[in-house]
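Note that subunit A is present in both complexes that follow, paired respectively with subunit B and with subunit C.
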Partner chain A sequence: MSKGKIVSIHSFRGGTGKSNTTANLAAQVALTGKRVGVVDTDIQSPGIHVLFGLDETKMGKTLNDFLHDKASIREVGFQVGENTGDAEGRAKLAGKNLWLFPSSIRGREISQILKEGIDFNRLNEGLQSTITEFDLDYLFIDTHPGLNEETLLSIATSDILIIILRPDNQDIQGTSVTVDIARSLDVPNLLLMVNKALPKYDFQTIKNDIESKFNAPVAGILPLSFDLADNASQDLFSLKYPDHAWSTALRGVASAILALE
Partner chain B sequence: MPGVFDRLNKEIENKQKEGGITPLDLVELSPTLRKIMKLMLRELQMTYPRLREVMDAMPEAERLTPNSLDEALASLTEQFWLIRIGEKEKAIYKVNLKRKSGSTLANGIWSSLDQKLKK
Partner chain C sequence: MIHQDILDFLRKTSVFKGLSDDLLRTLTESAMPRILAAGETLIKKGEVGNSLFIISQGWVKIVTEDSKGDELILNKCGAGEVIGEMSLFDSGLRSASVIALEAAQVLEISRAIFMDVLDKNPEVGFAIILSYSDRLRHNTTYIEKAIDWSQKTAAGDYSFIEATQPLSVGAGASDDKATELLSAFFTMVRKVKEREDGLKKQLEQLTFEIDQTRRKQDFEEITSTEFYANLKEQARTLRQKRNQS
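Presenting the complex of A and B:
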């Protein structure tokens, strides 16, 4: 059996802060000395690369190249620790073992995937190969919001699934669907994470209500933060502002992941 | 001149075109079949002796007897959800996922978009 754990991060609806959370969790786990990969399987609307300082000019080979047999998975891996740039937060990752496997942000390549579909044997081979080729301890998968086939595949192969929701009735109803699917797929570890909770609420009450509704542990409640919005995905917030309440709560989620070893 | 590995790979590729399981099908599988498919999804391909080894190492409550394993493998292979190369003890199993189909929008839309994106 492969030793690396797959951690899928999912939310039923968009705008929950999924990519931001995934990038920050991966960075926090990498800071502990673990070997970590992040795959952007949101092929239709990729975005997590921005948080790692990548843009079209710096992006080399992508998951799309791998899917079309134009690159090996080794060529797709972007070594974040060696390319931190001048961002204050990301600079803390210098020398750490963290790789990003980005999806293409070129319009033609996204439209090609939409038009031609996806070879799932190749996609799954790519996901599993990142673990063996890079000797990863953790592979974080940033999924497309809602349920599509790529998301189901990543949930089915996950050791840990983190579902992010806001304390909002639309999110809560959608999360029920994902929780049901995850249970049908026998995901070994299911964690919930509440993001964008209004600070005026009692977080312990939110935690108790959500845990009782879904019969699953809430690994963290992260506050709605103007500071995070102001960061505008320019840097990894929890590394730049480690003492911020959002960062402290996020580290709690990272600890919950590490505790599942 | 192609070696044994290349020929086996070619054989697997040809069989993969004949069908496959969708991620949604996994939800509908019986617990036994799902357990095998999930293992195969992580391992990509396994020999029969290795599969037996992994099953034997599982906690007793989760373990499949050799007969149940053989029956499950036969069922999965019959549906082309697993591809088997070779027979019995020498068999190699590989997972076979169905390709996600592309958009059903008219081709003209895509060529028009393609032209615009080239600019």
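Presenting the complex of A and C:
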């Protein structure tokens, strides 16, 4: 069995915190010395590159180029540990083995790929060869919300699926469908993560309620926090503020991932 | 004051508790009685201490000054209590003053007397070492316990409270500081837990509902496509391949 694990981060609705969570989880796992990749498969509305300090001027080859056969996966990988810039949190990743495989943020390229559709075999092949070529222990996939085709593909190929939900009835409803899909696709490991929980609620009750409804573990309940919103995805929050309650809970989720065999 | 009483007082101190009656008697017989008038100062804070005192009658107050220089009473001691036992060994500075509250009597054992007794009865030294090492071991055990409890408390594990209920909590003029510390610690943790439980109760409860019919409909809508059927097949092949390689 190849050693690299694919970890998909998904949510039924948008804005649940997938990109922030994915980037911070990947960073935490990379800090432990693991070799980690992050792929942005949110081709329609990419966002995670911002958290890794990548902007239009610095962005080289993208996943889009790979899908159009215009670049190899090697060329797409952006070595975060060597380009941390001066952000306080990211700076802690210096020298770590962490690569980002960004999606294009050029409007023309986005509309092109949406019009033509994605070659799923090519994407799949890309994910597998990313693991082998970069000798990764973990490949994190940030996805577009909902259950569109590229998201279904990322769920289907994942070893670990993390579904993020807010403590909200609509999110719960959507999550129930995603959980059923993940089981139908035989995803080996399913973890739930609650984000944006109001601190006035009893987290333990939320955890118990959700775990019993889905018969799956809740790896963490992360509080709604002005501090995180204020960070405005500019830096990796859990690295910049390691003692914050959000960061502590996030590290709990990272540990849950590392604990899965 | 009969000597038997004094013997009993001395036996309660940590210094002398290991001594035989004979040795205790030798010690008390060499002690110097002193009579204090009301208001008389027995010990002055800051002076070098060279004696131990056993109160045989009346009351004294242990005092220091507060930040404004006013008298601050730390404690009151009466018959049977022993003051300044450590000064027999270390001639440290007195940490507080002792003043008679009324006409009182004390027995003074000076370091000179003590050393004299020690010279003639070397076994006294050994008995004292024994009682101190005993105390040290006892304290170490308690400190270890306090460390263990602190770690558990930090982790939110209060189970030791139930398991430790029989421990005498608070009360009692014990000269055993380790036991006192542990009791205080225990009381503190119990209070912390109570406050925490109170806070938890104030948290609002939130639970959710799932519309199972809609869940089923949505699931069927997604899984009934050809795309999905292919994907499921591909995923199966992929997993088989990964498991084999």
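Throughout what follows, the second predicted complex is superposed on the first by the 261 of 261 C-alpha atoms of A that agree within 3 Å, B and C clash if a C-alpha of one lies under 4 Å from a C-alpha of the other, contacts with A are read in each partner's own complex, and residues count from 1 in each chain.
Everything below uses one rule, namely that contacts are C-beta pairs under 8 Å (C-beta built on N, C-alpha and C of every residue); 3 or more make two chains touch, one makes a residue touch a chain.
Because the structure is predicted, anything quoted here is derived from the model rather than measured.
Visitor: Using the overlay on subunit A, decide if subunit B and subunit C clash or can fit next to each other.
Guide: Once subunit A is superposed (C-alpha atoms), there is a clash between subunit B and subunit C.
Visitor: After the superposition on A, what does A:167 contact: first (subunit B), second (subunit C), both or neither?
Guide: Only subunit C; A:167 stays clear of subunit B.
Visitor: Based on the superposed arrangement, let me know which partner A:117 touches: subunit B (first), subunit C (second), both, or neither?
Guide: The first partner, subunit B, only.
Visitor: Of the partners subunit B and subunit C, which touch A:177 in the superposed model: first, second, both, neither?
Guide: Once the two structures are laid over each other on A, A:177 reaches subunit C alone.
Visitor: In the overlay, answer first, second, both or neither for which of subunit B and subunit C A:152 touches.
Guide: Touch status of A:152: both partners.
Visitor: For A:107, select first, second, both or neither according to whether it touches subunit B, subunit C, the two together, or no partner.
Guide: Once the two structures are laid over each other on A, A:107 reaches subunit B alone.
Visitor: By the touch definition at the top of the document, which applies to A:210: first (subunit B), second (subunit C), both, or neither?
Guide: second
Visitor: Quick one: classify A:202 as touching subunit B (first), subunit C (second), both or neither.
Guide: Touch partner of A:202: subunit C, not subunit B.
Visitor: Is A:125 touching anything from subunit B or subunit C once the two structures are fitted on A? First, second, both or neither.
Guide: In the superposition, A:125 contacts subunit B only.
Visitor: Tell me the contact category for A:57 with respect to subunit B and subunit C: first, second, both or neither.
Guide: neither
Visitor: In the superposed model, only one of 39-47, 93-101, 129-137 or 237-245 in subunit C has C-alpha atoms clashing with subunit B. Which one?
Guide: For subunit C, the listed stretch overlapping subunit B after superposition is 237-245.
Visitor: Considering only the contact definition stated at the top, list the common interface residues of subunit A for subunit B and subunit C.
Guide: Dual-contact residues (subunit A): 1-2, 120, 124, 149, 152-153, 156-157, 181, 184-186.
Visitor: Spell out the part of subunit A that touches subunit B in their complex, as residue ranges.
Guide: For subunit A paired with subunit B, touching residues are 1-2, 107-108, 111, 114-121, 123-125, 128, 149-150, 152-153, 156-157, 181, 184-186.
Visitor: Okay, in this complex, where on subunit B does subunit A touch?
Guide: Touch residues, subunit B against subunit A: 16, 20, 22-24, 26-27, 31, 34-35, 38, 41-44, 54, 95-103, 105, 110, 113-114, 117-118.
Visitor: Would you pull the subunit A residues touching subunit C in the complex into a rising list?
Guide: The contact residues of subunit A facing subunit C are 1-2, 120, 124, 147, 149, 152-153, 156-157, 167, 169, 172-173, 176-177, 180-181, 184-186, 188, 200-202, 205-206, 209-210, 213.
Visitor: Write out the stretch or stretches of subunit C touching subunit A in their complex.
Guide: 200, 203-211, 214-215, 218-219, 222-223, 227-228, 231-232, 234-236, 238-239, 242-245
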